[in-house]
Amino acid sequence: MKKVNFTQLAYTDLDEFIYGSALRPVACRNGLVIGGGRILPEINFTLPDMLITETTMPDVLRQYKEIVEGACKRAKELETPGLVVELELLPPATYHPEWGVEITKVVRNIMNDYEQKHGLRSVLRITPVDIREDKRSPHMWRGSHWDAIMQTFAGCAKEGAELLSIESIGGKDIHDDAVMYCDIVKSLFALSVLGTRDMAKLWDSIVRIAAETGTIAAGDTACGFGNTAMVLADKRYVPKTFAAVVRVMTVVRSLVALERGAVGPHKDCGYEGVYIKAITGTPIAMEGKSSACAHLSHVGNIAAATADLWSNESVQNIKLLGGMAPTVSLEQLIYDCRLMNTAAKSGISHARLLRDWLTDSDSVLDPQAYVLRPDVAFRISQAIVQGGSHFERTKIAGLTAVNELKQAANAGNLIIDPKEIRWLDKIQAQLSKVTNDEEAFIREMTESCKSEKYDPAKYDLK
Amino acid sequence: MSEILNVISESLQEGDVDAVTEKVEEALNGGVSASTILHEGLLHGMDVMGQRWKNEEVYMPEVMIAARAMNAGMRVLKPHLLAAGVKPIGKVVLGTVKGDLHDIGKNLVNMMFVGSGFEVVDLGVDVNEKTFVQAITEHQPQIIAMAALLTTTMSEMRVVIEAVTTTGLRDQVKIMVGGAPLTQSFANAIGADAYAPDAAVAADIAKQMIGA
Amino acid sequence: MKKVNFTQLAYTDLDEFIYGSALRPVACRNGLVIGGGRILPEINFTLPDMLITETTMPDVLRQYKEIVEGACKRAKELETPGLVVELELLPPATYHPEWGVEITKVVRNIMNDYEQKHGLRSVLRITPVDIREDKRSPHMWRGSHWDAIMQTFAGCAKEGAELLSIESIGGKDIHDDAVMYCDIVKSLFALSVLGTRDMAKLWDSIVRIAAETGTIAAGDTACGFGNTAMVLADKRYVPKTFAAVVRVMTVVRSLVALERGAVGPHKDCGYEGVYIKAITGTPIAMEGKSSACAHLSHVGNIAAATADLWSNESVQNIKLLGGMAPTVSLEQLIYDCRLMNTAAKSGISHARLLRDWLTDSDSVLDPQAYVLRPDVAFRISQAIVQGGSHFERTKIAGLTAVNELKQAANAGNLIIDPKEIRWLDKIQAQLSKVTNDEEAFIREMTESCKSEKYDPAKYDLK
Amino acid sequence: MSEILNVISESLQEGDVDAVTEKVEEALNGGVSASTILHEGLLHGMDVMGQRWKNEEVYMPEVMIAARAMNAGMRVLKPHLLAAGVKPIGKVVLGTVKGDLHDIGKNLVNMMFVGSGFEVVDLGVDVNEKTFVQAITEHQPQIIAMAALLTTTMSEMRVVIEAVTTTGLRDQVKIMVGGAPLTQSFANAIGADAYAPDAAVAADIAKQMIGA
């Protein structure tokens, strides 16, 4: 099923596994290289309180113009060596691909302008919203909703969006419940069966569009899985240990994009990027303290340790005292990048020091931070790539994560509440009981996962 | 509290669907009134879980699993409650607004309502104003609860409230709203009756609102 | 005129001049030490769009409650070792000291609660607004407006505000014009004559109140002078070189607080804090990238190099996707502090490395950043303390700053636009022409500075 | 352009108050019309400075100093313009709203207006709604320009606009607003006619607004 099968880590030396540098950097058309030795800011944004309709489209375009104009202006003033702009489309702009394309044009025009007049090198990432989550989507891999997504990719790519990404939702129909009930077996099914199958089809198509349009199939994120768990854990709804294990299990799912030909940079809101980078050597976008505007987290510093792009995830275009919020956010990203690049410029050993401080400052306080440690990600990744199938790999991911967390807690390298430890035992017990026979597992889960939201036929499962 | 009610409450706290179903039936057969079973068995159990949640002793799934058992118990109990003329403390129509596919927050709120003794009509996600209006006419709820997770859908709440007002139904229902981009002042501005800053407190606020 | 005369630097070794550690740390009542080896977050905030009146006071109090509750909750969740909350009162809450006191009570109650229940150690800084800027203020040092400020200090101190600070405005009546016209001689007059005289009277009074209430006379900031110039420079209204020189000249003015008995921590929005720390050894609050919410700047990283408290300056209580803006801001501050403290914990040489990266990442790109370099601040401070009077010191500050900037530009350590260099020449020429006779200077300026805003009689000048 | 107008323009660009005053008098004595001196001398010079500012060749103080020289020239020219029936391109009443002591942004805007040929009535800072209303009656401006720098004073602008409306003067004036916490949508919400995101563009927006 895999086109490329990653059976070992791209990295052999943990010391080289570091922010700003990827073993397989990505070069963009204007010469900007991502993962080529320095970390760059990736700015994200959304609209303020307003509806998107045919009537409001002029306003919508004005908003995007204002946002990107403000961002480019500030990037230039702060002499940023390069900038990635992510355009995460809102649902109506994917339901109506022509709207997404129009927005892309407006955004790209401003970026072109700043490149020509001020030498600001920038790259546009386009992220359609995965509207297949809509119950009316007839099938995961064909029909109206699939078509609209692909038309959006192709149309925006033609208008200058160079990095193609998506937060795909294959398996989310099951996974939402898995998170709400902390049901790790359902999570396994959603990620390793539904998710990976969907990723393969989806990314085959995106890789094809990238080839046809001369653009870059960048990468996916398991945001709807891992970040949903993380945000609920932050509200104390679900245990942080559960969220940490789910995070690691999303690795196998997101890796499929790379197996099908994506080359990075991995999208920002998937912290599994650390593992993707370890396994594939491709560059990754990450988000940490500077994305608190979008969601609080316990991984504010450690997220930067191996990042190649540094993102704010999302912020509405509203006025803060210092300026519009996206401009404010970008300024913060730029300073974070400046610091990391200054350390890196003074030598790899210095970059490693900073990486390790970023790491150590968070990892002891939270299991979700702990599993992002470069050394931990290395070890778990090594276990994951031993697995023969996506199913097996995801199970290994979960079990290895549990082990790592338990050992860390025992050794005093991670402080976990006893309540949280109890859940690790629970997860371990449940995962261990799962059959090794994937077909049997699918039959069993298809039987037990009856729900209004989940329709096996959409995945060509009976 | 009699032994059987105790068992119902505890089985519910453990999320044991089978035990709750069985013990509710047993209690009914034993002549305990449906109302007593509801309040001193099921809702008592949910109350304990709610307290344990507030004390940070348990996580949401444990509350959810208890609520699932509550639902099971209610399936047995409902005809008896109806027959005895016992009403739920309130009825809520719930949905995520048009253009918004976010589900999980709404589902949490649903369960919190159920666990507090409300009857819930869940309209799902991507619900337009017409469907909300229709649901008021059809289900006669005391409360409409709406969720929006996007800055570009939160104003659909205003559209719904306007539609409810235009159709002359505004006086019949209290309207509460929630979701990440919202604030109390937004809720005030669109004419909602209440704002729930968090799924966990939605049911408490609803209870206060209707004096239940 | 000085009670304490700082004639040499507190620091003898540049290597010890570093974030988180001050030679003269400040211990608070609950044992929290500022400048005692680790940098702590200082959270600032303001109200959203609303009027403050008798009628809206319940709403106002609810707002403050929500802000501080959110901040304390997040500080606890992120296991912050200590927190400073700054309550920068808005004008009506200083015009009506009883309102300021009421707000203090509400805020302090929540802080007490989190300290008792969750062990979150926190300290409250109170900053009345300097309403003497109001034309109706009868005199700088007596009368209704002065009285209201002092009542606010005393009342809030009694209610648990432990650090007393103000952004005082003595001389601003002249300095606003000095900035608008880039008139460095007027700036000199405003800062070294009007400003220092006012600071002496003002801080004598604050130090007295601190002694009477068992609180801490913390420090002032030349925000209305230096930051006004900085913000206008950022809009390209005035040259950055002008703003950089003004910044250095504010040092002498702000130092007066310490001469009169203030002990730190210096207030956040005065970047002259770096110099104050070098000269007095007292801890300082600074603000950088995490205060972009309040104003953009070119000193996002370097501001942290020697900071003991790390502040966001100000943010309205509005909703971002991740939470209320003050909570979001605090999370960012906490992560910045975590990183710096992690580096420091692994040894002073590591802290120095990080300090130097923070420094080097900004200082070459902007003159305003350059003058905040620890080494530059050291050298200029050494020159400043040679001056006999405030007047002489301020002139030295300006001329030495010009020299440093020119040398840096020549040596390629600072990139300045030729247009900006031209202004350095202009400033140098103007400052050099100023008489050394302070009395003559005052006469001359009082003559030429006739304006509607400036009334010499308020300063007891004829 | 005649030599003397050229000299006036250039003296103004250099901010030479004495030279501008002198040369304007000389031009008047030489029979050049007040209107020509205004447009081809003074405003021409301001125009050049405005362009140089937009091209990032000069800083604001240089524009301000030119505007100061313009003011000096206007003092000489004004009686002649009045006599000839030449009017300024518009009259602006300007102020920072009640409770707000911020001065510098307003002063920048003032100078930008002057430099564009507007007559400006500066009410200062901390100006309440009554004073604004009075100023409309007294000075009959085409434009009211208000500044607010605090989130807790921006809503005073609404108060002023309401007062202007209540007193029946709303149709007589265009209202523009500006200041750090403001946005276009806030300006729309309070019923202002225009929003200036920056002091530097305020005069241009004002010109557009009154079609000057």
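General remarks:
Letters A, B, C and D name the chains as they come in the text, with residue numbers starting at 1 for each one.
As a convention for this text, a residue touches a chain if its C-beta (ideal position, glycine included) is under 8 Å from a C-beta of that chain, and two chains touch if they have at least 3 such contacts.
Each chain and its UniProt protein: A, C = Methanol--corrinoid methyltransferase; B, D = Methyltransferase.
All values reported here derive from a predicted model rather than from experimental measurement.
Rounded to whole angstrom, the centroid-to-centroid distance between subunit A and subunit C, based on C-alpha atoms, equals 40 Å.
Computed centre separation for the pair subunit B/subunit C is 51 angstrom, with centres defined by C-alpha atoms. Computed centre separation for the pair subunit C/subunit D is 34 angstrom, with centres defined by C-alpha atoms.
Shared interface positions of subunit B, defined as residues touching 2 or more other chains, are 151, 181, 186. Counting only residues that touch two or more partner chains, subunit A has 46, 48, 316, 318, 321. Taken as a graph of touching chains, this assembly fits none of the simple shapes: it is neither a line, a ring, a star nor a complete graph. Here the chains touching each other pair up as A-B, A-C, A-D, B-C, C-D. Subunit A meets subunit B in the complex at residues 46-52, 90-92, 131, 133-135, 176, 179-183, 228, 232, 235-239, 316, 419, 423, 453. For subunit A in complex with subunit C, the touching residues are 46, 74, 77-79, 234, 288-296, 298, 300-301, 314-316, 318, 320-323, 325, 327-329, 331-332, 334-336, 338-339, 341-343, 346, 350, 353-354, 357-358, 360-362, 365. Interface of subunit B with subunit A (complex): residues 56-57, 59-61, 64-65, 99-101, 103-104, 107-108, 124-126, 150-156, 181, 186, 198-200. On the side of subunit C, the complex with subunit B involves touching residues 48, 318-319, 321.
Listing the residues of subunit D that touch subunit A in their complex gives 151, 180-183, 185-186.
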